[in-house]
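Order of writing sets the labels: A, B and C. Residues in every chain begin at 1.
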Amino acid sequence: MIKEKYLHAGLLVFGVLAPFLFPNYTVQISLLWIMILFALTWDTLGGQMGYNSLGNIVFFGVGMYISAIVQIGVVYDVALYTSPDGAALTGNFAPAQYYTGLALGILAAAVGCVILAVLFSQVFFGLRGPYFAIGTLGLALAAGELVGAWDYVGGGGGIALPVFPSDPKSQGIFFYYLCLVSALATYVFLRWLYNTRFGLAINAIRDDEEKAEAMGIHTKRHKTAAWCTSAFFLGISGALFGNMTGFIEPLEVAFPTITFGIFMVAMALLGGKGTLWGPILGAIVFHLIKEVTWTYLLGWQWIALGTLIIINVVYFQQGILGWARDKWPDLFGLTVDEAMSSGSEKRGSS
Amino acid sequence: MWDNIMVLAAAPVFNVQLILDGLFIGAIFALAGYGLALVWGVMNVKNLAQGELVIMGGYFAYVMTQLGLHPLLALIPAFAIMFGFGWLVYKIIISKVIERDLFTSLLATFGLALVIQQGLNLAFGPEVQTAQSGMEIRSIFGGNVTVADIRVLSLILCAILAGLVVLFMKHSRMGQAIRATSQDPRAARVMGIDTEKVYAFTFALNAAICGAAGVLISMIWVIQPFYGVPHSIRAFVVVTAAGLGNLPGVIIAALGLGVAEQYSGFVLGAEFQQATVVMLLIFVLMWRQFQMSKNRQVVQ
Amino acid sequence: MSTPTIEVSNVSKSFGGVVANKMVSMKVEPGKITGLIGPNGSGKTTLFNSIVGYHPIDEGSIKFQGKEISKLRVQQIARLGMLRTFQQTRIYSKMNCVENILISVPHRTATFSDMFRKYPAELTDKAEHLLEFVGLYQKRHLISGDLSFGQQKLLEFAMALMNEPTVLLLDEPTAGINPTLINGLIDRLKRANEEFGITLFVIEHNMRVIMNLAEHMYCLAHGEMLANGTPDEIQNDQRVIDAYLGAH
C-alpha cells in the first residue's frame, strides 16, 4: 500500500505554508482547495453511491446566497441593501459585525443546504441513472434562473458582499485558511464516513440498488444522508467563495453549471471516481493544468475542456487511480489469499 | 402577472396569438424531440448535445443570409452536412460509449455540447442572430393577431420532413433495420444486420433532423451559440413526457411545450421562459415518478 | 398447528391482459423446506415477486407470520425477515466478498446512528466464517464481480445467511451451476435449514434437486395452483405429469 501518512503530511505542510511560499498565488491555491472539496463531495454521490449528479453546484450557489443574506441581514434590511440606494452600504460593516455575520452566514449556509438536500432527496431519489443526472442538471439551471428573477436578493444584477474590514492581502490569507480548513474537514469527514457501515451501504447502492433494497438496507435514508453530506460542505464552500469574490450574481458566480458544475464531475472522473484519493488527485491535476494553460489557449480553453471530458469519459474512464489499480492490483490489496489454503481447516476446527 | 392574465381574459384574441406562436415553435421542438427519441430508443444513448446540433443547423441558415442567399436554401446543405457530422461524431465518440453505462454517454455528449457551443462561439461570436427570410407578415382578426408567412411555411416543412422520416422508417431497408435493431440488437445482428452501420446511420439521421430543425428555428426565432442547452432540455421534456416510440405523443408534447412556453413568457415575463422549460422538465420527471411508484417501480 | 411463516390466499396478478397468477393459495410452514415447481411461464417468479413486495397484487392477501404484508414495500418486507435471492444472481459486483457479506447484516433494528458505526470484529469473523461455509474463504479479498457465476451464486447465498432471515426465498438456486457442484449446494441448503433454522421456500426446475430437498411441494400451471403434497405425491400426480408434458 502507498503510505498514506506521507501524503497527509505533505499536503498539510504544503497547505499551511503555501501562502508564504507562493504569496502571489494565494487565490489560485485557495481555489485549489475548493476544487478538491468539489471533487470529493461530488464523488460521495457520483463515485461512491452511483448517483451521478450534474446539479450539485446548486448547493454551492444556495450556500453563497444564504450566507450573503445572513451577513447583510445581521446589520441591514436586505431589501434596502440590494436596492439601488443600498450601494453605499457595502463598506459599512464594523469588524465585529463583519466577523459575526460571516460566522453566522457560513453556519446558515451549511445548515440551509442540508435542509434543502433533505427536501430534494424526497423528490429526486425516485429517479435513477440518467434521469437523476438530467433532473439535477435541470435543478441547477432552474436555480440560476429563479434566483436571477428574485429582486430581494438583487436579481440578475447580483449583490456586492460586505467588504472585508482590512487590506486585500489579509483578506486573501484569511479566506485561504478557511478554504484549507473546509477542504481538510471534508476529507477527514469523508475518510471516516467511508470506513463506517455507511460507506459500504452506499457502495452497495451503487453496485445494485435493487439488491440493496431486497436485502433490507435503508436505501432512502442512506441516499438522503449522502446528499446532505455533500450539501453541507458545498454550502460552506459557496459561502467562502462568495466572500472571496466579493460580488455575487446568479449565472456566472453562484450557479455556474457549465464551469464549476461540470468541473466537479470532470475532476472526480479524471482522478478515478469511487476512491478517496482519486478526486483529490483529479482536482490537483485538473486545476494545475487549467491554471497553467488557460491563459495560453486564447479562447480555445473551453474546447479543450470539452475535449478533455470526452477523452476522459470515452477512453480513460477508470481515471488515474482506477488505471493504477488495474495495473498494480497487489498495491490495493486485491489478492487471492494463497496462504490460507491449508489454514482453512484450522479455522474450521477453532 | 395578474395584469397579464387579465389582458388574456379581456382580449381572448391574444390567446390565439400565443397558441399559434406556440404551435409554430412547438412543431420544430417535435423534430428535435423525435430525433432524441430515435437515438434513445435505438441505441439507448441520451444525447445531451441535441440542442447544440439544432443550433449548429441554425448557423447554416445564418451563413446563407450572409452570402446573400435565401435561408431556406440552407435546408439541403444543413441536412446533408449535419448527417455527415453526425456520422463522424458517432464514429469518434458514440460508438465508444454505446456499450457503457448510461451516464457515460450522457457525459460524453455533454462534453461534445461544450465543444460545439464554444466552437460556434469562436466562429460566429456570442451575438444573438436570426436569419431574415424577408417574407410577409399577415394580420388576421383585424390586426390583433399577426402571422408571419415564414412561420406557416416552417410548419408545413416540419410536417413534410416528419412525414418523410416516418415513410423512410416504415418502408426503406435501412428504416426497417433501424426498427429491428431498436427492438433487439442481438437478434438483429444474428439476422445479418450490420448494427454498427445502423447505429451510425441513426445518429447521423438524428443530427440531420436537428440540423433541419435548426434552419427553421433560425428563421422564425433566434439562435446563439449558447442557446443549445434549453433546446436539449426541451427535447428531454418532450421525450420523457411522451415515452419512447410514441410519435403522436412526441408531437402533442412538443406542441404543448411550445404553447406553454409562450404563455409563461407572456404571463410571467420573458425572463421566465427558460425557467419554465426547466421547471417543466422537473415537473414531467416528478409526474413520471409518481406514475411509476404506483407499481412500486422507479424511473430509470 | 403453528402460524404458517408465509400464507398466500387467493392472490391474483395480471400484467396488462396476461394473467400471471389466478387465485393462488399456499402456505410455507415454519422450519420446513417448501418447494415450488411448474413449467416455464406458469407464474412461479411472479408469485415470488408478489410475496416479497416487488409489485402490488391485484387481489388476495399475503401474510408473513400472521401479519398482512401485501401492501408493504420490498425493503420493509426484507426487514421483517423475509429475504429472496434472484434468478439472475445479484451481488455488489465492485465490492470484495467480505464487504458483500458485511453489508448484508440484518437491518431490521438499524437506527439512524447505526449507519455511522464500524463493524465490530465479531461481525468480520462471522462474515469470514460464512465465506468458509460456502467455500469462498480464500477469495474473500477479491472483487466479487470477478468471481465465476457459480461462486457468485454461493456468495449471494452467504449474504442471505448473514442477514439471518426467518425465511429465505430462493429463485432457482441451481440454475447455471456446474452439475458437480449441485450436491454441495443441496447439502449447504439443508444445513442452513437445520443448523441456522432458516425456513426455505425454493423455486426449482431441476426435479432431482427439489425432490431431494423439499418436504412439501406446490405445483403451478398456467398461473393456477395445480397440486400440492409431499415430493412422492407430486411425483405421482397425473395432473402434474400432464402439465409438464404439455397435455391438457
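In this section, contacts are C-beta pairs under 8 Å (C-beta built on N, C-alpha and C of every residue); 3 or more make two chains touch, one makes a residue touch a chain.
Note that this is a predicted model, so its numbers are computed, not measured.
The touch graph of the protein chains shown is complete. Each chain gets a centre from its C-alpha atoms; the one nearest the centre of all protein C-alpha atoms is A.
Rounded to whole angstrom, the centroid-to-centroid distance between chain B and chain C, based on C-alpha atoms, equals 47 Å. Per-chain Cα centroids separate chain A from chain B by 33 Å.
Taking each chain's centre as the mean of its C-alpha atoms, chain A lies 42 Å from chain C.
Contact of a single residue of chain C with at least two other chains is seen at positions 74.
On the chain B side of its complex with chain A, the touching residues are 46, 48, 93, 96-97, 100-104, 106-108, 110-115, 117-119, 121-122, 229, 233, 236, 240, 269, 271-272, 274-275, 278-279, 281-282, 285-286, 289, 292-293, 298-300. Residues 52, 74-75, 78-79, 83-84, 86, 90-96, 99, 102-108, 110, 112, 114-119, 128-129, 132, 137-143, 159, 163 of chain C are the ones touching chain A in the complex.
Of all residues in chain A, those touching chain B in their complex are 52, 54, 123, 126-131, 133-135, 138-139, 141-142, 145-146, 148-149, 156, 258, 262, 265, 269, 299-300, 302-303, 305-310, 313-315, 317.
The part of chain B that touches chain C in the complex is made up of residues 294-297. Those residues of chain A whose C-beta lies close enough to touch chain C in the complex are 193, 195-198, 200-201, 203-204, 206-208, 210-219, 221-222, 225, 274, 333-338, 340-341, 344, 347-348.
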